[in-house]
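We just call them A, B, C and D in the order they show up, numbering each chain from 1.
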Amino acid sequence: MTTQVIVLNGGSSSGKSGIVRCLKYLLPKPWIDLGVDDLVDRLPPSMVTFGQQGEVTLGKGFGDLQRAWMAGIATMARAGAPVIMDDVFLGGAASQERARMCLEGLDVLWVGVRCAPDIAAGREIARGDRVIGMAASQAETVHQGVVYDVEVDTSHTESLDCARTIAAYVV
Amino acid sequence: MTTQVIVLNGGSSSGKSGIVRCLKYLLPKPWIDLGVDDLVDRLPPSMVTFGQQGEVTLGKGFGDLQRAWMAGIATMARAGAPVIMDDVFLGGAASQERARMCLEGLDVLWVGVRCAPDIAAGREIARGDRVIGMAASQAETVHQGVVYDVEVDTSHTESLDCARTIAAYVV
Amino acid sequence: MTTQVIVLNGGSSSGKSGIVRCLKYLLPKPWIDLGVDDLVDRLPPSMVTFGQQGEVTLGKGFGDLQRAWMAGIATMARAGAPVIMDDVFLGGAASQERARMCLEGLDVLWVGVRCAPDIAAGREIARGDRVIGMAASQAETVHQGVVYDVEVDTSHTESLDCARTIAAYVV
Amino acid sequence: MTTQVIVLNGGSSSGKSGIVRCLKYLLPKPWIDLGVDDLVDRLPPSMVTFGQQGEVTLGKGFGDLQRAWMAGIATMARAGAPVIMDDVFLGGAASQERARMCLEGLDVLWVGVRCAPDIAAGREIARGDRVIGMAASQAETVHQGVVYDVEVDTSHTESLDCARTIAAYVV
């Protein structure tokens, strides 16, 4: 049994990208990293809109696109290239269920990346490159009903230490 | 017959990324874009090294990783999500052959993105974020023996106009 | 007589930043480069707002801030550090007059960076990181009534070649 | 008495930029922010070199350039535009003395931004865009002999909270 896919789920500004970089630094083998941000990047407004209060609205057709995207990630992993996938489960448990179906048959490590809403909101200001409001609005909802193999909380733990915790679960 | 994958091949600083953005702006459906830069990003030095003169050296194991990556892209396209893949065929015709095998059975539009070596080298300086030398060293070698459905040359044609030419071939 | 300040004036997406990088590459001495984008970055909305059509509105108090900024640039140049300042003369000749007063007594090279409106608009799409509309709305207005020592046009000339033309005027 | 310049001194990856963004968010007036990174950016290698172990070497002539730069910042502040200047005092107390002379006559708030060396080194990995080694090598040396009005430590305190502490000293 070998970990083939690491799924990191957490709200905006919860610290997923920093953890991904640290994981790639810590893990001995090369991992491909693909994030939902890459998928969402420059989609037409009919598919994704970012509201003034940081709310993300996904249009008709986004679900199909995302399913195809995850099916591709599953193929990469089956073909021998392990993948770190970072995601934002806007639909909580339902999003995980959809991901689980796409990744069926693979050894997946499910990781929850938590961050206290007020701390994530502060980091959103410090970053200066995100729509203000996303962090707070997603911090808790994305974890509702989601089941993890391991959870980390970046509120008071450094990215590198979170990555070490996760890496210990990678087999 | 519907175009499922657009492969853009061209050297560093030939203008592929600008063309991708324009294609996504012009094409009516949403396309996923994935580039070899995403794959190469932060791989361990045992896999990819960038020399002082801009030469790129791929280590043992990179080929397998890339094949898995392309197999995943093929799955995305088969599952209904069209993909724009930008690549740098360091091995010329042999690289295309490898890509062709991974994308077998799919409707692929092969696009050559050319740029005169001295112009690409100048743009590399103007960008200021690339290893100097990559543009000149790759400008012509990446096209050796490669067969295209359509070729564009960014030397004297704007990205948006190149994208319009390509978009006319997308069915 | 030695050039102490190079002022580059041109609309958004006219290619100023690429020319600045090439100038720093070509010129033998080290130059400090400061752009109005650095000044405008993260100012409160009471000072600068970017409209949906790409129009830039400057609030009360922005003029004072900008005058202080330019006075500082003048001091740097007088103290022996030559400065490349890139700017967008939203007020055309009146903006130049204001800059001229701030830079009084210094050897200034006034450079116009032109780009055909439709070409600048296309490059704005290709860049993917600017409010759409700024390029077209500024392309011509920023040059109205402005007097230059040298003008370059990036429509059909590469950044590096434009920089070479400008560098020949630097004494 | 009104604060005219805020000088933030801290090593690479100590968190200065995030604090600057939060300060601009918190402070009621608009502040200009200028950092030594802007100055160092794209200087010729004869002026600045970055070693493999993260060490920064400044060439002959850099001191003069920096003095002119700070003289310009002093002028901006005197002309009514308050400035946040973030710096890395590679020379410790001697660097502060030099800055003090350039800013003479101005109301300066001296701020130390500390971060434990191992934590800064971890954040350097998580950022993924810095030469590895800079954080650890600068973390303590830049504070040697430097005298502050207020010190913050980002090791266990968020950027926004550090900024709040600093903002309370701004008059």
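Everything that follows uses one rule, which is that a residue touches a chain if its C-beta (ideal position, glycine included) is under 8 Å from a C-beta of that chain, and two chains touch if they have at least 3 such contacts.
Only a predicted model underlies this, so the values are computations on that prediction, with no experimental measurement involved.
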Fewest hops from chain B to chain D - one hop per pair of touching chains: 2
Most distant chain from chain D, judged by the mean position of its C-alpha atoms: B
Numbering shared by both copies at the chain B-chain A contact, with half separating same from different: same
Interchain centroid distance [CA atoms averaged], chain A/chain B, Å: 27
Between chain A and chain C, centroid-to-centroid distance (C-alpha), Å: 40
Separation of mean Cα positions, chain D and chain A [Å, integer]: 33
Overlap residues in chain A, where contacts from two or more other chains coincide: 21, 42, 128
Category of the chain touch graph - line, ring, star, complete, other: ring
Residue ranges of chain B touching chain C (in the complex, touch as defined): 18-19, 21-22, 25, 119, 122-123, 125-128, 156, 158-161
Touching residues on chain D, where the partner in the complex is chain C: 21, 24, 30, 32-34, 38-39, 41-44, 47, 61, 64-65, 67-69, 71-77, 79-81
